[in-house]
């Protein structure tokens, strides 16, 4: 269990990298930190690891206040974005490195390293140098090294971001299975929302050093608390359209939609709809967004269609393969599920 | 138009990076080179650009044999994977660099650079240095520089791979629109199949210096010519299961499926089915793969379910959100569309 | 990722233009370095003097100058002093202090770092004649700043510890180069590697041993080669001690100076210069051996970054 | 935390000691020139500017600093340009035995900078009619500095990513353009280091400057500094102290300028 | 160097000297530029005279001149230390004056004015190579104030080495920090040989080089080293550390001026340039009252060379002609002009200094009793060093011998070590006497 209390980190330049963070991560939980570049994810992870000293606040690991302990005594293992495998040591030596520092006898180290390596299918590679390994293999070595020292928590900083698209998917599944088996509390940093959704038990979406929303993947996906979260989640970006309320209806990008409840006409409203939750039809309808097809992107089983609306905004929607009209065709998109934001904060689902 | 004839590149160490490549890329075509790391994509691109000299074969650009011309005289523009924006020049100087080489007067250079920059929404950044730009902005500068010299062809080497997941999607759409507008022949290297599918008019899938399949995205997606292509295409990896033919039926991972035609029992058969083209049901059926749910990965609107079959292979399938059973539940998966390979080559679709 | 650097002829130079690029430097080196150097080596085989009968009619004496030097107890003691001097001031002093400074300043920014770097560099670039005066003022027996600070009036640093004095002096003089080189090298050590070691609980010496030194081997080698060579030929300590007292700080460059300029035996001086060259070669081979395998490890380090 | 604090404290203490160690000897340069009766030791000066007036009276003092600038600047420029060209070519094109050859030249340079090479160098300069010219000094010292400069610069060039050059090449830039537009700006800190190093080496050098030059009006500061003694060899400290200060200032100014402008650090400023 | 001249009828002559305006020997440089050149050009309208100043260490100046002459270039009239004449002649760098300057050389009026001993400075192998510019002599300087404190006479003239030691002991007792400063060791360089060992050796009855043989570890050398031992070997009469310091000689000057040294052996240079009340490097405002001088005694009366009671050593510079000069006759004219009585007087510019010319000395030295004393009392008993190439190495070996004694070795040991070094330098025991 990791508990963060009022954690704040202000860098010398005055950057508030972490701003009063309160968080409890349960034992064995797979917890993802998601957010755009520079929002403080790495800083948070490094503060937990003890690589940064917090300006204020405390870090507890398993009820032990570790705020002032050096990293080596916190009993956590970290996997860095670039893996940080020592290039001058072979795979065995890399995996056994934490054990070597703990002064475990050489023979025992080798046995333990071999055991962990076997678990990660690295047995054939034990005597290779990192330069002779593929990216995926290197990643597994980094994991093995983290596992070898039996920590109370894993801290992963974007461990998959350097892998190619194919390998990434495989590694994702693998990681998930591994964490299930070891049941070690895991904090996982990513800026890829798909990775967070696929892997995590809970996700914290961060922005500018603050936690905007902490929730399960499904909750985050279906009820993003702010437009920021909404824009960040989903394999295709959510359409966020300025909306105008009249007493009778909601006006969004040329469509007239029913009102979800009483709204003030002066409210700053945003209408959010995911590309997956829209239906394309060749005919115009009042409750649909009218426009002209401009770009088609093949997503395999589906196609991502960009619709240019006469009022300005581009709207993207996903249609099953084979159903996409050619670019230049006029068409309209009907939303099936949507979200309504007032002042960028979730008001209601539609 | 770019025509490659019998192009072969053998590196000093004996690596056949390109192996007898024949290819014609039409005027204005958006052509993607897709393949795993080390398959020769960059080498091909660099050979077209003139940065590598082919061991054998010729390169024609617009019916001009350029095989022996230095890169500067081929009238192509290349965007490197790391952008290669000159760190010591500001954005204007970077964009204007090709014009400077062409000895265009300083004032005219600035005007032209500003024009291209405006088109790519870089106007506010004209006086920044690369170090002060985000990854996405840097990529646009690299593009602007390529556009500024009005080449006959664009060569893009994984221009999006350094961007974060969110930015990548935006950049993808942007690139596609830009190429449409300029209508310049474009060769685009990637190892991300989703990118290739989304962007390209045609895709070449490469492996070990050879072209395995050259076709439209839809063709590649639906009728991958070999199991290699099949495994490489699709946002979730295709399930490739060993199959056994009896005179009566096809036996795959515990399921008994109808025979598509006469098959020899000794044939080396592989049954391929995409996770998207399977239906999950709680009950067992003879034409479905039986198993136990082991891992769930949230894909947003869908969930990727991994099924462990009693015969060994893991099968992955995509189910709509909310319909996934908890891990540990027994279930079975019925294929809707599938492919059958003999000796790793496409035999028929099912 | 970035292609292998240096191997590739990225600019399309080609052999012809490469030769044209190298040619001016090679010409200058051939005329003003190679030619005089070979001539000097030839002089080493004669009894040539600047004045006197031997100037009018120098004789080839074969290896006499070499055997003469190698049997001269002063040369041998001078050689030993030089080895101590190079070992103490360059290898341990400059490289050690330079590395420590680079290491300590690595995590610091701002005026403190700039001040320290500036002062260290100043010691490097001040003209050597001026530097001699500075150190006199510091080490003087009667009114030296050091004696005043330490309350040890009359302590003759330069006479009682001449070798130590010039070693400390040379550390002061030359640390800047090592500091700069190691600062650059340390910038190439990925912080994540160090942090991995820290997370595993490694102490600073362990971090250095396991992470830093293996990664900057090549820079260590370059640095040691250059500073040893320079220190071996550094004449500046002469202005401090004049080689004395009783030759106790007569390092080889001073010895050569005495033989070649004061005694006018240019032939013998040339022979000793060539001996110094050979000794340097030995040093270089020793370094190479100590840092053996750097090539392989360098290659490993260069390609270790995972594919993007 | 304790360990951390102790570590930090040790580091700070270390820095303080280093600062003291490096500044202490320089005190003389700050006090003696302003002292009415300068001694060879550091004292609180009886403040005066008389020494400066005295040194300005010396007919060669100021001119010698200009000569030093000509010779040092000339050598620095020559070394930087030639070493950059050579290092670039050597870094980019494979030559068998290149490293060994470079090291051999480096070793030979130590022979030539020594006292014993005086006669060959003088004879050479006489034959080439370079005696009593700034050019002669520049060429001779450059020959000795070049191998080390190439050695160091090649390391820099090896480390610059080649994709910048390839990119420029695709746009049609020729090798010299690439060197000028791309490589030189990228390794600028290295070039600056070499320039300052070369300048400082020439600045303090005495023997070659002395034997190659005849007219005292062409002599650099290092030679003029040696003339500020009496016939019996005793230093005229008022002049020497003041001249030392004046003579050090240009190097310091150059260092400050270069460090302000280019960072003056190995690899500094290259963002990759 | 020897320019061919810029016009058809004009020729250029160059003078090289180890002096420079604003620096070392500035007066000499000034004299050449402001008197010699204008005056000579006045009488030789088609001749342009240039001055090539140096003003550095003698060794470096020598190197430069040797290199110039070796490559057959260089100035037409060149300053050399008298001690270098032999080695330059041996190397073929210089030729006898008559060979270069022609027959007129012998007819020069100046020869008659230069004492034979002083002419010796420019003579090698019996041939005249250069014109001497002047000379000096070594004496013992002493501080009368300190002497008074120690109860020693204000006018002091020791008759033997014993007297010096006794005076030193008295001074020591009176609390003088360093009673005797006798240059020793290698850090002092040639000063050790000239001010220390050679006068002592002469006082013990030997010259370092006579009749083609070098003096080895004979009794006179052991005696001289023995005197060093008396001063530095624990008696506290001298300061051994000072002898080892690189700037020891400068410090000894300063200490004498500050009244910390009782007796100091030096040349008249010390009087003229060091403790000179106005412009000296260690000025003594009351020099004329506070500083006395005495001849250096032989070990015992009559024990010196040539049976003398007192001894001294002298040196001095000469001017030579460049044998490769394009206008040798004209160069001789210039050289002779520079050594004319008028020129010599102009050079002294009112300052007292011992020139080579008796006529000038007679006129000038009356102004300074000290220099007159040197000219009258010391020069007749003085001796010169041998002008051969290996002398500099022998000198170093002698310095090392004194250093060994100062460091505590016995005179016998030091002498033996010297003997073996000497054998290496001069090519075997056959060239060594004693």
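In this document, chain identifiers A, B, C, D and E correspond to the written order of the chains, with residue numbering beginning at 1 in each.
Methods note: a contact is a pair of C-beta atoms (placed from the backbone, for glycine too) under 8 Å apart; a residue touches a chain by one contact, two chains touch by 3 or more.
Going by UniProt, the chains are A, B = Sn-glycerol-3-phosphate ABC transporter ATP-binding protein UgpC; C = Sugar ABC transporter permease; D = Carbohydrate ABC transporter permease.
Just so it is clear, the structure is predicted and the values come from calculations on it, not from any experiment.
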Intersection of contact partners for chain D and chain E: C
Distance-maximising chain from chain B - centres being C-alpha averages: E
Highest-count interface - the chain pair sharing the most C-beta contacts: C-D
Averaged-CA centre spacing for the pair chain D and chain C, given as whole angstrom: 15
CA centroid of chain A to CA centroid of chain E, Å: 90
CA centroid of chain B to CA centroid of chain D, Å: 54
Touching two or more other chains - residue numbers and ranges from chain B: 37, 70-71, 81-82
Chain E residues counted as touching two or more neighbouring chains: 60, 63, 67, 70, 247
For chain C, residues contacting two or more additional chains: 2, 12, 50, 136, 142, 261, 307-308
Footprint of chain C on chain E - complex, ascending: 59-60, 62-63, 66-67, 70, 84, 86-88, 90-93, 185-187, 241, 244-247, 251, 388-390, 392-393, 396, 400, 403-404, 407
Contact set on chain D toward chain B in their complex: 161, 163-164, 166-174, 177, 181-182, 185-186, 188, 270-272
Sites on chain B touched by chain A in the complex: 36-37, 134-135, 164-166, 169-170, 172-173, 176-177, 180, 191-195, 197-199, 217-218, 221, 231-237, 274, 276-277, 294-295, 297-301, 304, 306, 316, 321
Residue numbers on chain A that touch chain C, as the complex places them: 12, 46, 49-51, 70-74, 76-78, 80-88, 97-98, 101-102, 129-131, 134-135, 138-139, 145, 149, 162-164
Contacting residues of chain D [partner chain E, same complex]: 40, 57-61, 118-119, 122-123, 126, 131, 207, 210-211, 214-216, 223-224, 226-236
